[in-house]
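In the part that follows, the structures are each spelled out as structure tokens.
Next come two complexes built around subunit A: one with subunit B, the other with subunit C.
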Partner chain A sequence: MTVPPRGKPWLGPMLWLALALPAARHALEATMTLHMLVQIPLLAIAGWWLRPLLPRGAVKSLAAWNRGGISGLLLASLAAMVWMLPRALDAALEEPWIEMAKFIGVPLLIGVPLAVSWPHAGFVVRGVFLAEVIATAFRLGWLFLLAPQRWCSNYLLSDQQRLGKAMLAIGVAISLLLAWKLMWGRIDADGTRRL
Partner chain B sequence: MSASRTLLASLLILAAGIAVLAAATDGFRAFTSETARRVAVREHPRALPPMPLQTARGRTIDFIGLRGRWLLVDFIYTRCMAYCSVQGSEFARLQDRLAGPIADERVALLSISLDPSHDGPEQLAAYQRRSGDRGVGWIAARPASPAGLEALMRAFGVTAISDGLGGYAHNAAINVVDPRGRLVAITDWYSPGEAERYVLQGLAQ
Partner chain C sequence: MASLAMYPDDERLAGAARAAFNLYMITAVVLFVLMMLIGLTMRMAQATWLNVPPALFYELLSMHGAGMVGTMSLATTAVMWFFLRKYVRLRLWAFVTNYVLFLLGALCVVLSIFSGGYGALWTFLYPLPIHGMGMWTPGSSALFMVGNLLIGVGSLLFYLDAAAGIIEVHGNLGRALGLQWLLGGTIDPDHPKAVVAGTMVIISNSLGILAGAVALVMSLVNILYPEVVLDALVAKNLIYWFGHQYINATIYMGVIAVYELLPRYTGRPYPISRPFLWSWAVSTVFVITVFPHHLLMDFAQPRWLAITGQLVSWGAGFPVFLVTAYGALTNLYRSDIRWTMPSRLLILSMFGWAAGIVPAILDGTIRNNLVMHNTQWVPGHFHFYLLIGVLSMVLALMFHVIGRRAHAPPNSRADKLGFPVYLMGGLVFVFAFLDAGHLSVPRRMAEHLPAWTFTDKIGSIGAMLVVLAMLYFTIRIMAGLLKAPSAGSAGVGIADAAG
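For the complex of A and B:
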């Protein structure tokens, strides 16, 4: 995930808008797996791609409050926790204002802070963050896979279990990627290549 | 300078995040919408809409007419091949366990169909027979109109979705309605003892 290709700052708003189209919304909310692992991450990417459109002065002055990207990554993590609650997925389907909160909150409180903070995050901060992402994927995936009852009134148990498996697979994939980078990638503790 | 500002910003973000998470989970009690529905009903009993229901015997009743006794309400559909059939036999067992207060007309059991276009009086009666109906104190009924079904499901917080096999997946439970016609508690469908205890406690007060 990087900033949108040079000279295409409209990609973020375009993706945002496309996800908000009723057809896309219904398709991506049809199953729990698509909702949690496709729609919400795409909304976060749309937010990430808003990076070139942010006012430069504001980003610069906020940087003093976001050393090493720590505040921003914390904000993104907490906002992501809200959208990992089964209850939040149900509410987004049932309450228009929660759906609105998701479409505004995920890009602006997850995508934007990640885009602003990640480039400033050093080796240790990135390592801690990624380890937590992996642990969360395994913890939640395990829970979803093993829970005997449905956690979302609007989705089937089989869907919940598929989501669990997908999350375990994501946990494995990120772990392997990270292990590969640590073993064979070029990482400078201080410089440009950081996990 | 920048380190202390970042610490301050992070602490503020953390505090706000915890506050939002607490609000989104009713104080870390409800992580699913089903638990949230139960917490909400327990803390704020809900008046039920006076929607007419057609019973298996062809009579028309509503929640206002049923006031004055405790009601244990569940939602079913008679074509269900999964746990609805067990819900039915649990209700038949509750007829035995609550036989005394049922005979005194202080308690009644009510099964409402989620599938009124299929479940007419005949199907409902067959469902009760199949489940081992003891013949007294258990009403099976369907909403008299589609709008009635929608209003009832909203009032009880019931969600039914297609299970992909021609049936429904729904958040089955035993809903306890007090003699004033308010939904006061929701308990697990598979542990009728919990609903029974709730009602007996209510009767003892």
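For the complex of A and C:
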């Protein structure tokens, strides 16, 4: 993922607003799979694309607190954990203020920290982050598949199990992609010298 | 190609690097002795020479298994670091972080066992750890698992740093493995074998650790929320995928010492070749896919997985081993090898690895496995290649390093006595296990029937000899490592290698 094409800093806010439109919101919250694997990642991408709009001074002053991108990636991971909980998805559907928190929190606490931190992260930090992403996809996928009852009162058990299968597939896909990249791809040598 | 100078300058250890290496090696030898004493206690209990209550026996068995696997990994990681740092940039913080996380993890494991009574063995096979039946609590199992997670994270950090260093020099892991030369082209004679072996370990063990991390966290979820019931067969597959690769990685990290040191003692180059690269490439695939041979007894396992485990285990043991053993023998043949402690241990390690593979392949055959899987044949096989194979590789490097500080490879009278005691003790110890397996004596049993105790007694005598030799090695190595390096210890040339 990259920053929006040069000269198009409005892409982030546009995507953010588009996702907030009632039609888009209802469509993407209709199933647990779409909610967790499409709407929330798109909100994070909208946050990533907000990066060019951030004041330069603020980014610069935060850099001292974000060596190697570690703090930002940690913040994004912790915020993402919240939106992996079925209870949080349920609450977002039932409580408007939690839905609001999702629409503000995911772009600002996941997307923006990722956009600010990823370029500063070296090979080891990115490796740890991606290893945890893969492990989390497998753990959550397994959990959603084996749960004997539904964990969201708004979604069916079959939907929850479909989400589990999708997460396992995502874990496999990221693993294969990374394996290919590491074995045969071109890797930024500069990144290997950083933390 | 690896240097033929006995003590090249680029291997010199100084300052923080020396302190870290010493910490690794001293910790390793001390832990080896402690774990061996635990092992001896268990063998003597089975021989009815000691009275050890069954609950304590399983605690000791858990400690011995987890402790030996972890310590072997710690020591061979130091072997890989010692040689790989000559060819790629390794950051000391990653090496030290691995050590610190290992210690923290080990502390959790020790507390879970001796304070919490955990006795579900190092394989933490679901659902046994969760059901202690009053002997241990789920909390102590959780502590054991957290300890394993810490140790795994430490290893992963070290591998990521090593991968970064290798990619910085070679572009990607495929080129580091030498895949570009498999089908043709001129092989770079300076392509380091340490990089090839290290890359294989990084690929396979990172995957294994990832699988272990998934199984461990899911087991922790089950401890916290018992209503979340895991599929025991999936958990077992993940655990053995992790466990097989983790312990196998110790051979592949340890064998770097053979590639690097043997040519110096024989005085002959040990060039890289196409068969060598093929063997490591094939073994990379095999070591990742061979784990189902641990589950041949699981009737619910899909048949295709069992057949995969069977077929791959017939092949997995051979490629790297054959190429390495053949290379070592041709390197040795008609050479003016100087028989000192490091060279003796290097050759012994080849024998231990070779002989240890044979019972493994026998046991990896479904028909044999039905009869032998739960017998002492299995500890006979893995003690063979770990005690006489991998530990000898590690000891060879330790003796080599203390030789640098004494200006000559160690070869004192006590060394000459200690080596055969270790060898004879080791052989008696492992053959007692193998013979017990042949007699169908079950493994993992705290109490043995009178008919089984003969091999237990023979095994205990062998273990006593091994402990005796290892105690001597430990004192010798600790004294040697802690000795201040003298100003003139650099660059002893090839003449010394030929001796």
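The rule is short, and it goes like this: the second predicted complex is superposed on the first by the 187 of 195 C-alpha atoms of A that agree within 3 Å, B and C clash if a C-alpha of one lies under 4 Å from a C-alpha of the other, contacts with A are read in each partner's own complex, and residues count from 1 in each chain.
Keep in mind that, in the parts below, a contact is a pair of C-beta atoms (placed from the backbone, for glycine too) under 8 Å apart; a residue touches a chain by one contact, two chains touch by 3 or more.
The structure presented is a predicted model; accordingly, all values stated were derived computationally and were not measured.
Aligning the two structures on subunit A places subunit B and subunit C next to each other without any clash. Legend: residue contacts after superposition of the two complexes on their common chain; A:142 is shown touching subunit C, with no touch to subunit B. Touch criterion met: A:82 reaches subunit B, while subunit C stays clear of it. Looking at the shared chain after the overlay, A:124 reaches subunit C, while subunit B stays out of its contact range.
In the superposition on chain A, no contact is made by A:178 with either subunit B or subunit C. Seen from the CA centre of subunit A, the centres of subunit B and subunit C span an angle of about 100°, rounded to a multiple of 10. Of the two partner chains, neither subunit B nor subunit C is touched by A:15. In the superposed model, A:92 lies in contact with neither subunit B nor subunit C. Contact with subunit B, but none with subunit C, is seen for A:152 once the two complexes are overlaid on the shared chain.
Once both complexes are placed on a shared chain A, the shortest Cα to Cα gap between subunit B and subunit C comes to 9 Å.
Of all the residues in subunit A, the ones that touch subunit B in their complex are 64-68, 70-71, 74-75, 78-79, 81-82, 85-88, 90-91, 94, 150-157.
Listing the residues of subunit C that touch subunit A in their complex gives 89, 94, 156-157, 160-161, 163-165, 167-168, 171-174, 179, 203, 206, 210, 213-214, 217-218, 221, 227-231, 234.
On the subunit A side of its complex with subunit C, the touching residues are 122-124, 127-128, 131, 134-135, 138-139, 142-143, 146-148, 181-187, 189, 191-193. The residues of subunit B lying in touch with subunit A in their complex are 1-3, 5-6, 8-10, 13-14, 16-18, 20-21, 24-25, 30-36, 159, 161, 163-164, 169, 171.
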